[in-house]
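Same chain, two partners: chain A is paired with chain B first, then with chain C.
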Partner chain A sequence: MDWSYLGRELPRYIEAGLVTLKIGFWGILAALITGLVCCFVLYYKIFILQKIVKVYVELSRNTPLLIQVFFLYFGLPQVGIKLSGTACAIIGLGFLGGSYMAEAFRGGLEAVGNSQIESGLSIGLDKRQMMQYVILPQAISISMPQVSANFIFLLKETSILSAIAIPELLNVTQSLIGLYYKTNESLLLLTVSYLIIILPLSIVLGYIERRLRHAEFGN
Partner chain B sequence: MQNSGINVIFNNIGILLDGLGNTLLIAVTSLFISFFTGFGFGLLRMSKNRIVKLLTYIYLEAFRIIPIMVWLFSFFFFIPRTLGIDISGEVAAIVVFTMWGTAEMGDIVRGALESLSKGQIESGLSIGLSKLQLFLYIQFPQAIKRIVPGAISLGTRMIKTTSLVVLIGVIDVIARGKQVIERTKEAFWIYGFLFLLFFLMCYPLSIMARKLERKWES
Partner chain C sequence: MNNEEIVLEIKDLYKGFGERNVLNGLDFTLHKGEVVVIIGPSGCGKSTLLRCINGLEKIDGGDVILEGSSIYDKNIKMRQVRQKVGIVFQSYDLFSHMTVMENILLGPLKVQKRDKQEVSELARELLKKVGLSDRENDYPRQLSGGQKQRIAIVRSLCMNPDIVLFDEVTAALDPEMVREVLDVILDLAKQGLTMIIVTHEMHFARAVSDRILFMDHGKIVEEGEPEDLFGNPKTERAKQFLNKFDY
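For the complex of A and B:
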């Protein structure tokens, strides 16, 4: 183990870690927005859109991210749509994560008991008030564990984006191994980087989950 | 152009399916082994021994925190250099997927066993069943209804994750697709076809898992 190598290459890993976080952040945001829109469409049963969303969810959940980004990055230019690597990465994560988020939100909304909605109606709440004060607070609390699992899942999936030359952690590790042959050192830095990113996140999300659980009623 | 794209798929279907065989071989082998090792791991996780509990917890979390891609990559580079044995990409993939599958399968088994109501176990004990009888006649038949749908979903995840083996040089269906693209430049059609191919493998399994889950829900 060459310790001086670890110190020397540390800045590159910090840089790469930031790329992982940045891509992960935008990807997760894209997934959240896609998920919310899909969930909205499914919940209010908007006629044709509902069918499209259902097809999208199945396509997204039953295909690997690697093929999705390869299609975006290598396939689309052939029909004249050229996207940058970063754009492909974020769209890919959004496409994959959107369906997982939609399922999580839908699960939360459906888990809100009928008695809750009937009670709300009986005290004269209108549709908007019902959403705002009765359904959403409970649905968010119920879907939070699934949503935070999706956060971690998507952040880990960024490692696949090394295949389309995004300079994130794995990609940088690959090029460093190619340059210096310090395999063990590079792999150690890589593993530790993921631990540093994901472990605190998973602890914070776990804490938020426990806090939100107070919002559950009637069980 | 559209015509030529579809023709490219038909003309190269043999080579693509050859790669698909390799993909499936890795996925099915790993899944098959994980099913048994995962069962053992699940039972181990139920242990009351604190050290066993801690170790199994760390093992599972290691796979939950570090991406499979990193595991795959590490094994492929680390093992040959450190132990001096030359392993092929296929073997590295099967080893990593089996280790991961064991962790996930174990969690499914543990979740299923723990979800059984206490009353079932207490009633069993009260009529004088031994631990083994309790497991064989009471716990296992009920838990299996929760294990099977979970195991099928794990199967779809395994198939999807197998796509990564191309990145450590295994000649799988994607690698074959890349070869065809190099010759024909039809990236749009080939990747479109691969997308569809993975969908056709995973979708029926997803449906089956969902149906069984609903059917056995009690």
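For the complex of A and C:
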């Protein structure tokens, strides 16, 4: 193990880690927004949009991210649409994650019992109040474990983006291995980098989850 | 009693689920301050009737007239009807993500836009009456069934309803807890609250009611004062039904 190599290449890993974080952040945000929109379309059964969303969910969940990103990066330029690598990466993550988020939210919304809704009706809540005070708070706490699993999943999926030359952690690692043949050292740095990014996120999400579920499920 | 003002009129009410008719042309009137208990075999339409009065079920025919106007009138908002007609369900259905106090305050503050101070005071007073003053910051999961049901009653009362409907409110409770809930309802009856109570607790029905309706097959088969109906039922069907409760 070449310890000096670790120290020397550390700044590159910090830089690559920041790229991973940045793309992960925007990708997850895109997934959240896509998921919310899709979930409401499904929940309120908005006629034509509902069908489109269903097709999207199947397409997104049943194809690999690598292929989705290849399509964006190599396919779209063929029809004259050129996007930057970063844009492809964020759209790709949003496309993949959107369906997972939509399903998580839908699961939460549908798990709110009819009796809770009738209870809300019986004190005169209107539709918006019902959503705001009864359905959403319960749906969020129910779907939170799935949503936070999706966060972690999408953050890890950023490694796929090395295939379209995004200088994120895996991409940088592969370049360094090619340059210096320090495979073990490079992979060690890579693994540790992912842990440093993802572990705290897991802990924070776990904490939020417990807080949100406290009312209904206790500790 | 009959000199009192009429608050609710059910006229020729029909309601079916699919092929099956649950309510078959049902009529009755409820006067202010009156406590009416509905008894009858399971599936005879008691709960459905309450749900129709509260607009939780769509009716197929007839009318429900609350304080002079039909609740199905296009100019009447169901939300307003529900503020006048409270309902307490068998399975209590408190909002599970809210504390006891939040459960009670939601309707009065958000729907009725009342003053928080005033409603909180009312809520505390009612909580004290039902013996749960110390539980206002608890979540429903921390309460027993009987306690939840008493909170559900307080939640309904805090809306200042004109009528409260009780839909088999003790059916899901342990025998020991039935009493604490029934005592609360009996107390409300003494205070003159207008109520329609669906129950299988015959002794309670007798004690609390001004009038008993016996329902079967979606109709009122017999009605009368509790002593008459329990002591000397006129119809064969009511006799049969009441005999089942004697051991």
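FYI, the second predicted complex is superposed on the first by the 215 of 219 C-alpha atoms of A that agree within 3 Å, B and C clash if a C-alpha of one lies under 4 Å from a C-alpha of the other, contacts with A are read in each partner's own complex, and residues count from 1 in each chain.
The criterion applied here is as follows: a residue touches a chain if its C-beta (ideal position, glycine included) is under 8 Å from a C-beta of that chain, and two chains touch if they have at least 3 such contacts.
All values reported here derive from a predicted model rather than from experimental measurement.
Enquirer: Quick one: classify A:N184 as touching chain B (first), chain C (second), both or neither.
Expert: first
Enquirer: In the superposed arrangement, which partner chain does A:L125 touch: chain B (first), chain C (second), both, or neither?
Expert: In the superposed model, A:L125 contacts chain C only, not chain B.
Enquirer: Just chain B (first), just chain C (second), both, or neither: which does A:N62 touch?
Expert: First partner only, chain B.
Enquirer: Does chain C touch more residues of chain A than chain B does, or is it the other way round?
Expert: Partner with more touched residues of chain A: B.
Enquirer: Just to be sure I read the superposition right, which of the two partners does A:E157 touch: chain B = first, chain C = second, or both, or neither?
Expert: first
Enquirer: Which partner does A:Q116 contact after superposing on A: first (chain B), second (chain C), both, neither?
Expert: second
Enquirer: Report, in rising order, the residues of chain A that make contact with chain B in one complex and with chain C in the other.
Expert: In the superposed arrangement, which is not itself an observed complex, chain A uses no residue for both chain B and chain C.
Enquirer: Quick check on the complex: what are the chain B residues that touch chain A?
Expert: Those in contact with chain A are residues 64-70, 73-74, 77-78, 81-82, 156, 160-161, 163-164, 166-167, 174, 181, 185-192, 194-195, 198-199, 202-203, 206.
Enquirer: Name, in rising order, each residue of chain A that touches chain B in their complex.
Expert: So the residues of chain A in touch with chain B come to 58-59, 61-64, 66-68, 70-71, 74-79, 152, 156-157, 159-160, 162-163, 170, 173-174, 177, 183-184, 187, 190-191, 194-195, 198-199, 202.
Enquirer: What does chain A use to touch chain C in their complex?
Expert: By the definition above, chain A touches chain C via 115-116, 118-126, 129, 133-134, 137-138, 141, 215-218.
Enquirer: Can you list the residues on chain C that touch chain A in the complex?
Expert: 54-56, 79-80, 82-83, 86-87, 89, 91, 93-99, 106-107, 110-112, 139, 141-142, 155-156, 159
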